[in-house]
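Presented sequentially are two complexes of chain A, the first with chain B as partner and the second with chain C.
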Partner chain A sequence: MKEGNNKYQSRRDFVRTAGKLIVAVPLVIIPVFLAKKTSASGYVWQIDPFKCTQCGQCKTNCVLTPSASKCVHAFRMCGYCDLCGGYLRQGVKTISTGAENQLCPTGAITRKFVEEPYFEYTINEEICDGCAKCVKGCGDFGNGSLYMQIRHDRCVNCNQCSIARTCPSNAISRIPANIAYLPKDKR
Partner chain B sequence: MKKALPYIILILLLFWHMALYAQDRFPRPEFESGHVYPTNQMPVPRAPGWEYFDVLVLIGALIVTTWLALKKRSRQGLIWMSVFSLAYFGFYRQGCICAVGSVQNVSLALFNTGYSIPLTALLFFIIPLLFALAYGRVFCAGVCPLGAIQELTGLKPVKLPKAVEIILAFVPFIYLGIAILFASTNSQFLICRYDPFVGIFRLDAPYTMIIFGALLLLAGIFVNRPYCRFLCPYGVLLNIFSRFAGKHLTITPAECTNCRLCEEVCPYDAIIPSDTEQKREEPERSRKRFILYFLLVPLFAVTGAFLLYNLAPGLSGVNNTVRLAREIRTEKKTGNESELKDVVAFKESGKTESDLFSEEELIIGRFRSGSPWAGAFLGISFGIGMISLTIRTKRNEYKPHQGKCYSCGRCFKYCPVKVKV
Partner chain C sequence: MLLQIKKRTLIVSGVILVFALVLFWWLLKGQPLNISERVPGMDDRPKMEARSDTVNIGEFFDSLAEMDALVQGDWPRFRGVDLDNISKDTTPLAETWDTSGPAIIWRTTLGEGYAGPAVHKGRVYLLDYNERKKADALRCFSLSSGKELWRRWYYVDLKRNHGYSRTIPAVTDKYLVTIGPRSHVMCVDPVTGKMFWSIDLEKEFGIPGTEKGRITPDFYTGQCPLIDNDVAVLAPGGKALMVGADCASGKILWQTPNPDSLRMSHGSIMPMIIQGKRMYVYNAVGGVCGVSAEKTDIGKLLWTTTEWSPATTAASPLFLGNNEIAVFGSYGAGCARIVINTTGSGYSATVKEQHKATNGLASDQQTPVIIGNYIWSVLPENAGALKKQLVCYKKTDLLTSVWSSGKEYRFGRGLGPYIVSGDKLYLLDDDGKLYFYNIQDNKVTLITSHKVIKATEAWGPMAIAGKYLIMRDSRNLLCLNIGK
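Coming up: the complex of A and B.
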C-alpha cells in the first residue's frame, strides 16, 4: 500500500512539473517574440485632422465629461475674417459677438479685433466641449484652420479609446507618445 | 472609353482644384500693426518615466502582498493592501493600464504588424503571471484594483449552489477566447469596453458603465467578487498558472487537525475538504471515466473549433470595417440611403467600394483563421474541466484550491492551530 501511494505521488509530481514547464514556456516565448515589437515610450491617442469629418462623436463618446478632445486653432492658416464660418451661426443678420449669433453652443470662442479688417478667434479650452461645430463651419466656409485634437493634459489614455471605437472615419489612432499631436499647420 | 476620357480628366481636374481651393479660400492677413500669431499650448502626455514607476509600484505591491499572504498570514494587512491598490491603481491611476486589459495589447502586438506594445503593458501582463506561478494568485489578493474594490465591498458572503458555480466559472474562458480573437484581429478591446469599475475609478463614465459596475458591486455584497469569479478573463490565466504554483497560501500555519472549522468560511468555494472518511468511488469505474474523458478532449476541441469557425462571420460584425461594408451592401440592396455616420464619412472620404469590400474579405478571413483556435482552447479547457471532476485524490487535510483561491486570507482566523513564535 505504501509503495502504491508513492507511485501515485511521483506521478502527481510529474504532472505538476510538466504542467509548470508547459505554462512557463509562453511566459518566456512571448517576451522573446515581442522583443522587437516593444516600444519603450508607449502610445497616445490622437485625431488625424485630415481624416476627421466633424461628426460630433468626440463630444459624446469620450469617457470624460467634458471630452478630452478640444478644438485647436492653427492661427497661421486662419484668414482672420470678419465673417467667420466657425464663429458665426449660418445666416446671421448682424456680425457681432451677440450670443444669438454665435455658432459655439458653449461660447468658447472669443473674437478680438486686431486691425481693419482682421479679427482673431481664440478657443477657450476650459469651456470647449469638443462638439466640433466650429470646425465644420470653418472647414465649410473658411480656410479650415480650426481642427480637433485630443489634449493630453486631460486624456487619461485609455487602453481602448472609446471615441476611436465609434469614430466613423477612423480618424483616431495610436501615435507614438513623443509625437503626441498632429497639428494641421505643420504638415 | 475614348469618348469618356475628356470628361474623366475634367472631373479629376475639378477634384484637384477643389482640394487646392479648400486649403486657402481666404488669403492670410498681412498685419500692418505688427500683430504676432499667438502660439498654441500643446500639453505633453504623462512622461514615460512615470509609467515605469507604476511597474515598480506593481512589483512592490506584489512582494508585500505575497509576504502578507504566505508569511505574515495577516488578513488585516491584505485589506490594507487592497485599500492601497484601490487608491493608487484605481483612483489615482484611473484604472489604465491594468493587467486585465494588457492581455489584449499582447495579442494585438502578436498578430499585427504596425503595433508595438508599450513595454509597460508587456510588464503588466507578465509580472502578475510570474508571481502566480511562484506564489499563487497574490495579484488578485491585494494588487488588482478591480479585485480590491470587490474584496472591500463583499460584506455578507452567501454560497452559491455548486452547479451554478461550476457553470458560471466557464464564462471567463469564453470571454477570454472572444476577447483575444477581437483584439488580435484589431477589431476592438472588449475587456476595456466592458470594464465594470473603471467608471467608478474615474467618477465619470457613460451611464451604462456606471449601472453595470454598481449592479456588480451590489451583487458582490452577497456573491463576493462576481467579476473575478464569473467574468475576469485575466483570472483564467492566473487560475491556470496558480495551479502549478511552487508555494501557495495555506489555511493552517502548521499541521491540519481536520477540525472542520474552516470548511464553510470560504466565500469562493475554494477550500477542498479533506476526505478521509468519505466513501470513495470504485477505482475501476473512476479510471474508466478518466480514460473516456481523456479521449473526449480532442473531440471537444474539434467541436469548439468547428463551432467558432462557423460563427466567425457573425463575430466579425464587431469590426468597424466589416460593419460598414455590410451597411453599404444593405443600402445598395434596399435603395434606402443610410444615415449612419460611418456611411456618410465613407462617402466623403472618396475610398472605393471595391477597396472596402476586399478589406472586409481580408478581415473575415482573419476571423476565420483565428476563431478555430479560440474554439479549440474552449474545448480543451472544457475537457480538462471534465477530467478534473473524475480525479479524486485522497487528502487528509483542508487545502485551498490553487486555481480558485484568491489568497484573500479570510480563512486564517478560523484555524485554531497556532504556531508559537
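Coming up: the complex of A and C.
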C-alpha cells in the first residue's frame, strides 16, 4: 500500500474524525426529529371507538357546524340486519325507511336491500351531524359496526380540540397524522 | 304635521321594500338545506314472503354410537322442569372452585348459534345447524361422556343472520319436540330418535302475501316448544295465535284464533295460574295474550293486550303473583307489569306500569329468574348506570333495584345466561367467564369465577343436570362438573 494514498495519516486521525462524526450526526438529526415530532401538522385528533360512550358531545362541542366528528361504518363487522338498532328507532312498529321509523335525526343513513334478509347501511357524511345516536343504537344490541371518527377533510385540527376537552371518557387524543384514523374493524 | 306623516310613511315603505327584496332574494336563492323526503320503500325492499322450498323435516337419521353410562340429571326443556330456571336437583354441588375452575368433562363443536341443551335420562339434546350440509340437526349426546349417539337431520337453507340456531328442545319420557330456525316442528322418540311427525308452521299457519302472516321472525325462530300433557303447545302467529298438537299423532287438537294479528316473537309460552285459571301466557310481537290451558275450554283466547308491543322481544313472561305478570322488550324497550282481571264475561289485561331499560328491570335476551320475592336479571347495554350488571328487584317494585353487582362487575354485553341451583347462582358472561355466586335473600356474594373458554357470544341458556352444568358459546358445547 502506498503511503500517499492513505486518507488517514494515522490511527489517531481516524479516531478523531470518527469521534467528530459521532458527535455531529446526532446534533443535526435529533433537533430535526424533535421538530418534526412536536409539529402540530404531524398529529391529528381522533376518537378511540372503544372508549367512546356516544354521549353526543361531539355534535355540540366541535367548533364546526356540523361537527367534524362523523359516524362511520365498519362494513366487515356489520350484521346487515333488517331490524337494525342503528337505523331504526326503538319500538318501531314497521320496519321501513319512513322518517317516523328512522333513528337518525338528519336522515344521514341510507338503507338498501342486498338480498333477503340483508340490508346495507351507508352514512352520508355531508348531513351527519355527529350526534352518535346511531352508534349507540348499533352497540346496544347489534355488532357495534357503527362508530365515531373525526374526519380530517373537515377537522381544522385546533391546537386544543374543544371536543377533547369535554369528552367524558377521554376518548379523543392526538395520533400521528400518518395513522389519522382508528378503524374499529382493524384492531 | 303633513310632512311628518309623509316622512313616516316613507320610512315604513322603505322598510317594507327592503324586507320584500330580501324575501324575494331568499326565495330565488332556493332551499337553504338539501332536504329530501324520507318515505317507506326507499330501500328497494322487495315483498318478503316465506320461502316456498319444500323441507322434508326429519328426513335423515344417523346412528352414531351406543349409549354408555346412564347418569342422573334432568333439564327437560327451556328453563328446566318448573320453567323457572332453577334446578331442584339434590345432587350436592361444590361450594367453591380451585384456581383450575370446574373440570370440563367433555366438549364438542357446534354450528354457529345460541340453541341451548335439554337433558333427560342421561341424554343431552341440542337442535344444531350444520353450516356445511345446510341442515338442521337434532343431536343426541351421552351426558356422561359427550359421545354423540344419534342425529336426526334435514336440509333447510339458511343464511347466517347472527348465527343460526336458537331454540331448546322439549323432552318427556315418550316425546321430544323441536322447532327449527325456519319454524319447522319435529317430534321424535327421545331414546331411538324415531320420527313421529312434523309440521311446517310457515306453510300451515302463515298467510302468504301479508307481512303479519309471515311466521318466522327476524333473526330466525327463538321460541322453545312446550310439551304439556303430551300435547305440543306452539305459538305460530299468522292464521293461529296458538295451537296444540297431539304428540302421538301430530294432529292439531286445538287452535286459537288470532284477531289482533299477533306474530311469533323470540319468547316462549309460559303456563301460569292467574285468577285461579291455568293459562298459556305468550309475549308475542304486537301484544301479549293468555290462552286457556284447561281441558274444558283449552285453546280459548282469554285475554289479549296490545298496549305492550315492543318491536322485538326475547325474554319470556314471568308470573309476579297477585294476578300480575312481567313482560320484557329488547333493544332498550324495558319491561311492563300487566294485571289480569276478571270481567263479567271473562278476563281483561291492563298494563299497570311500563318503563324503559334505563329506568328499571329489563332484559334484552335472557328471561330473569324469580327467587322468593325477588327478581334477578343482567341489565342490557342500554340500561344507563346499571348497564350489564347483575341486579335484583323486588317483585312489587320493578323500578328500584335493591342490589346490583356494581360497575366493577359488568358482564360482557349483558346478554349471557344465568341459572340457579339452591343458594347458588351461575352466571356466564358473553366472553366465557363463569361467575359463581352465593344467594342470600336479596343479594349475592361472589364466591369465585373462572374463564372456562375464550368464548364468542356465549348466549345460549345453560342447563344443570345432576352434577353437570352444560354451557355453550357460539360454536362449542361444554359439560362441566360442578359437583362436590
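Side notes on the structure shown:
By definition in this document, the second predicted complex is superposed on the first by the 146 of 187 C-alpha atoms of A that agree within 3 Å, B and C clash if a C-alpha of one lies under 4 Å from a C-alpha of the other, contacts with A are read in each partner's own complex, and residues count from 1 in each chain.
As a convention for this text, a contact is a pair of C-beta atoms (placed from the backbone, for glycine too) under 8 Å apart; a residue touches a chain by one contact, two chains touch by 3 or more.
Remember, predicted model here, so these are calculated numbers, not experimental data.
Shared-chain residue A:T97: touches chain C; no touch with chain B. Comparing chain B with chain C, more residues of chain A are touched by B.
Within the superposed three-chain model, A:G79 lies in touch with chain B and with chain C [touch as defined at top]. Of the two partner chains placed by superposition, A:I175 touches none, neither chain B nor chain C. Once the two complexes are laid over each other on the shared chain, residue contacts for A:R111 go to chain C alone; chain B is not touched. Touch criterion met: A:V44 reaches chain B, while chain C stays clear of it.
Look at A:C155: by the touch rule set out above, it reaches chain B but stays clear of chain C. Comparing which residues of chain A touch chain B with which touch chain C, the overlap comprises 79, 81, 118, 139, 141.
Residues 22-29, 31-33, 35, 37-38, 40, 42-46, 48, 51, 94, 96-98, 101-102, 104-106, 109-110, 115-122, 125-126, 129-130, 133, 188-189, 192-193, 198-199, 202, 204-206, 240-241, 243-244, 246, 320, 340-346, 348-349, 393 of chain B are the ones that touch chain A when the two sit in their complex.
Residues 79, 81-83, 85, 88, 90-99, 102, 107, 110-113, 116-119, 126-127, 136-137, 139-141 of chain A are the ones that touch chain C when the two sit in their complex. Of all residues in chain A, only 8, 12, 16, 19-20, 23-24, 27, 30-31, 33-34, 37-44, 51, 53, 55, 57, 63-65, 72-81, 114-115, 118, 120, 122, 139, 141-144, 151-153, 155-160, 162, 165, 168-170, 174, 177, 180-181, 183 touch chain B in the complex they form.
Across the complex, chain C meets chain A through its residues 34, 36-46, 48, 159, 161-162, 218-219, 309-312, 329-333, 364, 380-382.
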